Amino acid sequence: MIIVLKPEATKEQRILLIAALEEKYNVTVNTWVGVGSTVLGLIGDTTQVDEDWVSAQEIVDSIKRVQEPYKKANRKFHPGNTVIELPGGQRIGDGELCIMAGPCSVESEEQINYVAKRVKAAGASFLRGGAFKPRTSPYSFQGLKDEGLDLLKGARKETGLPIVTEIMSAAHIEMFGSVDIIQVGARNMQNFELLRQLGKTDKPILLKRGLSSTIEEWIMSAEYIMAGGNDRVILCERGIRTYETATRNTLDLSAVPIVKKLTHLPVIVDPSHATGKSWLVEQMSLAAVAAGADGLMIEVHNDPKHALSDGAQSLTPDQFDRVAAKAFALKKAYDEIEKKIL
Amino acid sequence: MIIVLKPEATKEQRILLIAALEEKYNVTVNTWVGVGSTVLGLIGDTTQVDEDWVSAQEIVDSIKRVQEPYKKANRKFHPGNTVIELPGGQRIGDGELCIMAGPCSVESEEQINYVAKRVKAAGASFLRGGAFKPRTSPYSFQGLKDEGLDLLKGARKETGLPIVTEIMSAAHIEMFGSVDIIQVGARNMQNFELLRQLGKTDKPILLKRGLSSTIEEWIMSAEYIMAGGNDRVILCERGIRTYETATRNTLDLSAVPIVKKLTHLPVIVDPSHATGKSWLVEQMSLAAVAAGADGLMIEVHNDPKHALSDGAQSLTPDQFDRVAAKAFALKKAYDEIEKKIL
Amino acid sequence: MIIVLKPEATKEQRILLIAALEEKYNVTVNTWVGVGSTVLGLIGDTTQVDEDWVSAQEIVDSIKRVQEPYKKANRKFHPGNTVIELPGGQRIGDGELCIMAGPCSVESEEQINYVAKRVKAAGASFLRGGAFKPRTSPYSFQGLKDEGLDLLKGARKETGLPIVTEIMSAAHIEMFGSVDIIQVGARNMQNFELLRQLGKTDKPILLKRGLSSTIEEWIMSAEYIMAGGNDRVILCERGIRTYETATRNTLDLSAVPIVKKLTHLPVIVDPSHATGKSWLVEQMSLAAVAAGADGLMIEVHNDPKHALSDGAQSLTPDQFDRVAAKAFALKKAYDEIEKKIL
Amino acid sequence: MIIVLKPEATKEQRILLIAALEEKYNVTVNTWVGVGSTVLGLIGDTTQVDEDWVSAQEIVDSIKRVQEPYKKANRKFHPGNTVIELPGGQRIGDGELCIMAGPCSVESEEQINYVAKRVKAAGASFLRGGAFKPRTSPYSFQGLKDEGLDLLKGARKETGLPIVTEIMSAAHIEMFGSVDIIQVGARNMQNFELLRQLGKTDKPILLKRGLSSTIEEWIMSAEYIMAGGNDRVILCERGIRTYETATRNTLDLSAVPIVKKLTHLPVIVDPSHATGKSWLVEQMSLAAVAAGADGLMIEVHNDPKHALSDGAQSLTPDQFDRVAAKAFALKKAYDEIEKKIL
């Protein structure tokens, strides 16, 4: 970390600050005195240096991090890719394209079983479905809750597909005991109490990027989970909020290679929530594959026009067949190109 | 609600959609057939009409709400201002300027008592202070937690100032039993489980605007609390996330008159978090008063350079004296001008 | 266009408004009187209806466009793809991947000729290079200007590659007479005087999306050029401004399929300016191809570390060889997949 | 400027870079070698150091400016406030509140003369009105152009109010010869050719902030004008583009004190364009005064519902009477408070 001091800082103030930094954070401080400005350089593990504390010091003009503020998620300290493996053998992050598909909301046994069979047949290796639904309006359908979880488990039994579903409160962690991957939604990406509690579990966590989170904040939320002892985090890009209204959110595909460079965690992309429009899902799925994503999360509904939530962005099973076939085919071509052209 | 149908919609499809709408949502539907497009108009209470469901219908091109999607917070159905009154007689939203002040984090008995006395002397009518702190990094100071709550209660006993502090989990509601106003932070504005649980309490809730929430989403979060039976919600504008980096967030003062027009709830402004810079707090406090805010929430620390969090945006008690004096004086002038010039 | 009237609008006011609309814009107006609100529907060509004028009418609550506000760029009225063809036979928008490459700034004869040969050898069909450079600081290098144009023409002579270069003022149009494609930069996307003058030329215009333009505004700027009689517009997505700081801009690849649906114009993608980082160019080029882009615009410099502008985002010729090879290979695979999977 | 080198940078590379920096930019370079990273500090005038060039150097990890990149606009080198004075004695930036008012578009002699008289009577000291109008659609009213300029001059003759009007092309500078203040609109804030040409004139320039410009970019555009020799620049905050749709733009009032700290130029606020809604103009005008603005720019139309552009945000002369009276009264109170409370 580099600290630029104000021009008016006296030598005495500087010495006091250096002593405080060295004592507080166990770092070594180097001083570079220039004409007009003095700069301090902190050496050692600066992950725990509190930027707010430093910025608040009277003689501090500004600071600049050189090291990333995360450790456990950092590729520098963990060069190999993290591969999440499930008891059934499904893997995320091992170089194969992994597709999670299913309805936004679980609505009935018939629906979820039908969709599960269809997405499995198309090549999906995980069934996604919402039992607890975060809705902007208290008057909208909020999900089937525990009944929805039971239906998901039933569909898992029918198809063998592990299930991914969203948690909305740390109070539900026990209830989610037999869920295979617990999803943290965009609105809860900085629900730190929830992240902390999930860090104590041994479940893989699918962490969606917040509506307006920076990539660094998103990784810091992964770090929260990992700091608690749970290293199995999957990051999911789902679009960010911008001024553009043609799509629900703006899908930030650059985030994929950036996150893969900065961390060792798998990254998947959700084109359904990102765009909010079913007709864009195919094209954006292909773009995500070419951006290097480890997987896709896609909404599929047997009957989108009767879906109780987010119908506008769901594919029919027939449409999904096509998207999955194209995505797998493109991934294969992409891998061959990567091998051929070095 | 107005529904624009796609040009290719057949008469049969239209009739089926109308029947579904009338049955599902207990509304009456009028049809206007134009050249090239057909429009449906829904009459009745459309608050509960699920936009997602409607948008997903095959023949629907787009929709437009005419009524707001909230009822309990809506000024149309509750023309008078809601005034929040506390047992000690403090009032928010009654036309007087209400100032809540105190440190970002409670750090020690000495600190909180000293700051409480100073802000009371300067005219603040509430003491704010964080016991549970949402921090981007798991390695940053997370607050004194229950010990911090106890220190706040001690300072209340010393000064008579009611206390405002942030809750981070529904699991803590009982622990917050003797807090006077429970604050929901920006990162939890759409933690719907928390909002729902707070709706069952009888505590005034200070609801901060989310980092990138629209005004409508913010009001919908108030509606969540109110739908549960708790009408005492105070809205707090604290800046929104934009591309500008000169301030931590962009303070959206237009939100003040807009929220006051759309709802009957009191609105306060937090210039400390919005700007992230203590030197901007004075000017933005005055601007907030002139924008019509019911109150201000200001960070004050006895010793900002030693603050354990957010020091860069805290005022010293002496600086706060000046800001409070100016804000009250400007409010007085503003009220006189409002009376004189009609 | 649908116009929602305020509840308090009287019948007399409504009749006056309808008469004004019919006279002013030569449209037919249908009225739908509902309980609590009245809606007007405009039939006919509403492209020229001035939303500002309508919104300002006292009894108007809000409006909703049903038709797009552009005609010449609209795919509805021109279903086939526009293919831009140059005298040398180069084509943009014909289904093949078209790559435009070259340095941000033209710096010397040696530089531009060397880069031109290298990008041609790698498969680029156009040479891009800046002679007039828009720079945030008046103290930065502003381009070689007319001398730069001459060097570009020299490189064209050497290689046969048509040249693409940015214009910064309508006063330069004559000077750009022998440029093959004139580029309008992001900062000038709403320089309407420039657009108008370019509409009178017969040059293909490459129109970059503005830093924070909506897709609709971008298409409207194309419409400006086309309204003047010049139909040969190529749209170029180059990232939009968001709060994220990990990249210079956020590349909005969803814009590609959206623009291709709404208009008949070719769309290319500039991953160099979008990301601002050379190491992201390869991955984002591949993603752009998979998103359906007609072409790529890529910065290549013989010696990025000595580039006079935008060096951080330039590829070396060797790096470009690899990116181009991969992009063409992926496009081939993509086309085969599109043919096979319907 | 501080330059952080990559850990892998060799001593030889570092020495070469330092030599290049010293030669190229006439600066002195200090080196601070830490464990794991090396930092260079540039001493001297770094205004002309090209960040792009530095960033592109192979061994450079990142850079941090310590000095601002502007000189002529910088308050550090010009501590006193710039006051713009017109031949008629009107002053901007002298501590008094200056109001510029008038219609968005000049429409007729009768209109502009009537509005001019009314705004003068209410205390405005400048008449604003558009003759050349930047419109998103080529099919919208584009202004009366040179005829509009003549009408403005006529109104100036009638009332003595100096006129402020927008220029859209450097080709029009001669035609704007008798305009008192030339306005550069938000869409042309980075039309560098226009800025450069305006820098050669002796006219005061009112420079609106771009739709999504940072404060620094805005000041750099002022620097363009000043670098050409024209020091008389007035900055005008008019709202920035965000995701919020309740207002046309988000008025960024924090920009007022920030710009006043960083530069010595006057800053005014345009609440009409910022909010896009006439009912918000009064409240936001008062907030702007309390934020420390030197002036206001307000749209007034004799008959907003017949305005040919931007009617929704215009005030009637009667409404303007009230806004102006309140704004002047609040400014008086504000100044008294500033004097009393130090």
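By letter and in written order, the chains are A, B, C and D; residue numbering begins at 1 in each of them.
The criterion applied here is as follows: contacts are C-beta pairs under 8 Å (C-beta built on N, C-alpha and C of every residue); 3 or more make two chains touch, one makes a residue touch a chain.
Everything numeric in this text was worked out from a predicted model, so none of it was measured.
A.B. asks: State the pair with the higher C-beta contact count; candidates are A-B and A-D.
C.D. replies: When A-D is set beside A-B, the one with more contacts is A-B.
A.B. asks: Measuring centre to centre, with centres taken as mean CA positions, what chain is farthest from chain B?
C.D. replies: Result for max centroid distance from chain B is chain C.
A.B. asks: Taking each chain's centre as the mean of its CA atoms, how far is chain B from chain D in angstrom?
C.D. replies: The answer is 31 Å.
A.B. asks: Determine the centre-to-centre distance between chain A and chain D, using the mean Cα coordinates as centres, and give it in whole Å.
C.D. replies: 40
A.B. asks: Chain A to chain B: how many Å between their CA centres?
C.D. replies: Chain centres of chain A and chain B, defined by C-alpha means, are spaced 27 Å apart.
A.B. asks: For chain B, jot down the residues that touch at least 2 other chains.
C.D. replies: 212, 241-243, 245
A.B. asks: Using the touch definition up top, name the residues of chain D that touch chain C in the complex.
C.D. replies: Counting only chain D, the residues touching chain C are 47-48, 50, 52-53, 55-58, 69-70, 134-141, 168-171, 187-188, 190-194, 196, 211-212, 217, 220, 223-224, 227-228, 241, 304-312, 314.
A.B. asks: For the complex, give me every residue of chain B touching chain C.
C.D. replies: 2, 4, 28, 30, 32, 34-37, 39, 41, 43, 61-62, 64, 66, 212, 241-243, 245
A.B. asks: Please output the residues of chain A touching chain C within their complex, sorted ascending.
C.D. replies: For chain A paired with chain C, touching residues are 212, 214-216, 240, 242-247, 250-258, 261, 274-275, 279-280, 283-284, 286-292, 322, 325-326, 329-330, 333-334, 337-338, 340-342.
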